[in-house]
């Protein structure tokens, strides 16, 4: 019942597509998802998700496995388009242009939105070339610009001090945690409008995890970050806003502190108190 | 009472069965190993027979520098090995881009539909088409159709088509071996399909593709049938014009249109002669030819082994 | 509810300072479609090869079938293309082709099966990984070398056991070819056997079967279509093999299934004719392509059967 009311509210709030959101709010938003549904073939994985992404804040997506949080994240840079039989409906609006990501060319979308995957996946190239990859793909050839950007991205990813003397060595020589930070630097170097992190610490040990969390905290004022995590404590530690998803639906969305202290929905409460999940 | 009787009756029986099983297993393993030994001793016999048969000529430096001749003791293989190298240049130049391109297309670009299915069946069927049929293709189309003549270009072209399926199949296998997350990383940065292939997929698949290419070229080097079919079994006592020249533009392509002979044809020519003296030359040619193909296959096998360890 | 609290700090306009330039993107799209087009052409080239083969075989032999009826072609038992009174009974060549390939299979089937069973069911992994590359070397030997070996070493060797054996015969080439295709048949059937799920094997062992029984009663039947494919594809190779027979089986068209005699196979005939300088529009020249069609159809049939058997096998497991 609550679910129903919740949905109806949204429809009335957001349905007039032509009318942009109030100015002040739009300034503070990086993106807005409106009634986004997604199908893997016949299976519906996302059901009319509506969600706002705050500009230069960290938004966490949590929920039990299979709830659709990774699916939602991968919709942002249209990763699903790589595989046949997938289908979207609804909008993901990127501000300030108010571009609907679902209707843009997926390759263009990915130039604007960075992504880091569950397992570190550096290219079999040097550390420098890994970080420069995104810039090269955008056609940057200026050496000075490349090396400046690479240094900046490595500093952002808190990796510069560890690798500055061996930039030309293979990325495979790094430890798992360093590789993941390298992947973050690789995603940051082209300065994406949104950085997507898909359970970035799930393959890492606690120390490496702490380093990644620290760097996310460091860049939160300069990048808009969306992070999927199965770890509620992690969401509580590093995010400004948290969305709880269940079976392809968005159940609750609130500032992180509120969601964890005073959840409004029974499902959310059950999940964060560990009764379910 | 009854149980005791039964176990007494069956226990010796069971051990008998177990023993019999062990015996059949031993026999079976023995048969397998002997087949292996027979096959390997055939290979050894071939190698030894050739080396012993060709020894007198192999030891004579003139053999490598002389042209074929009516006098078996003066005949050499210089036109054959030069021809083989030049033909292989053409073959590699045509087969590698076509084969790798087709492999990349089928693996990365093609949609799953009946056209792709058809191309796949076609490639696997081409792999089984007898080499001499390719010779007929060259005779009917390249020589009488296009008027290319019995030249290095024609031979290189037909051998390229012959090994195309080998290169396509190994390119596809190499590409399939690249982990999905490498591809997702590239696409995730905004790379388009061609950038992903050129910058990330092909470099990662490089050694697998190289292995398949070497195996294919090793096959082409030993092939005689399609080249004989185009009518290249002639007496060649000269070398094609050099691809390099002292004056600009330094490279010339006249050699492509030159008549030629290659190692397997030279060997076939000498085997077919009735005089035993020529058989010595044939054996010596065979040794050099086998050295070439075995070395190439050896490199390919080593590369594959090396590759497997790298992936682990 | 998912509205944001108004306490958020006002943000500047989003957007990356580093957006790829329009001209670069245009160039990239252009290169992308150009490369895609080239790759498509490369993939299509394999189809053109097949079309080219069919086209050449059909057009070049059209003149032949205008003069020789298909019935004569398939029923006459003489093949004398350059005689005054020319006969074109392709069965003459087919008889030799079938005989040689049959001998090759008679060697290759038991040996290949034994080897495949040994490698897949008995040998340890290290043994397998050493043996397979060695077998591949056997495949890498040029066929003209096998021809030399058969004519000058293997046939004389056989003659000491079989007194009536002619210098050119079908037995020697057939046997050598059997070993020659062994690496291929053994490795394809071994792949099929290893694809049999281990659960089936365990079921056999649980009944107290010996390794041998598991291999014969469980693995071989389960992998049967894959093994059949291996031998059909091997047969196709034996039928199409040229140099061994051209050198060691003789070039005399002879309607015979007697392995001690020499006889020209289809492939040997093509080689023999190509060595002479045939006028382009002579019937002898055209007969080469007519023989080629027969060879192509036989091997194509085997290849397609093999392909679909293998594919079906892969689908089952």
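Labels A, B and C are assigned to the chains in the order they are written; within every chain, residues are numbered from 1.
As a convention for this text, contacts are C-beta pairs under 8 Å (C-beta built on N, C-alpha and C of every residue); 3 or more make two chains touch, one makes a residue touch a chain.
Computed from a prediction, not measured in an experiment: that's the story for all the values here.
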With respect to inter-chain C-beta contacts, which pair, B-C or A-B, contains the greater number? B-C
Farthest chain from chain B, going by the mean of C-alpha atoms per chain? A
List the centre-to-centre spacing of chain A and chain C in whole Å, with centres computed as mean CA coordinates. 52
Rounded to a whole Å, what is the gap between the Cα centroids of chain B and chain C? 13
Any idea how many Å lie between the Cα centroids of chain A and chain B? 49
Shared-interface residues of chain A (touching two or more other chains) are 108, 111-112, 138, 190
Note: chain C residues in touch with at least two other chains are 20, 28
What are the residues of chain B that contact at least two other chains? 190, 192, 195
Looking at the complex, which residues from chain B come into contact with chain A? 111-112, 179, 181-192, 195, 199-200, 203-204
In the complex, the residues of chain B that touch chain C are 17, 20-22, 24-25, 27-29, 31-33, 35-36, 38-40, 42-43, 45-46, 49-50, 53, 97-102, 104-106, 109-110, 118-119, 121-126, 128-137, 139-141, 144-145, 161, 164-165, 168, 190, 192-195, 197-198, 215, 218-219, 221-225, 228-231, 233, 264, 267-268, 271-272, 279, 282-283, 286, 289-290, 293-294, 296-298, 301, 305
Residues of chain C touching chain A in the complex: 1-6, 8-11, 13-21, 24-25, 27-28
So, in the complex, the side of chain A touching chain C is made of residues 6, 9-10, 13, 24-25, 27-30, 50-52, 54-57, 94-97, 108, 111-112, 135, 138-140, 149, 190-193, 224, 241, 243, 250, 252-255, 264
Complex contact set, residues of chain A against chain B: 77, 79, 82, 84, 107-112, 114-115, 117, 119, 121-125, 133-134, 136-138, 183, 186-187, 190
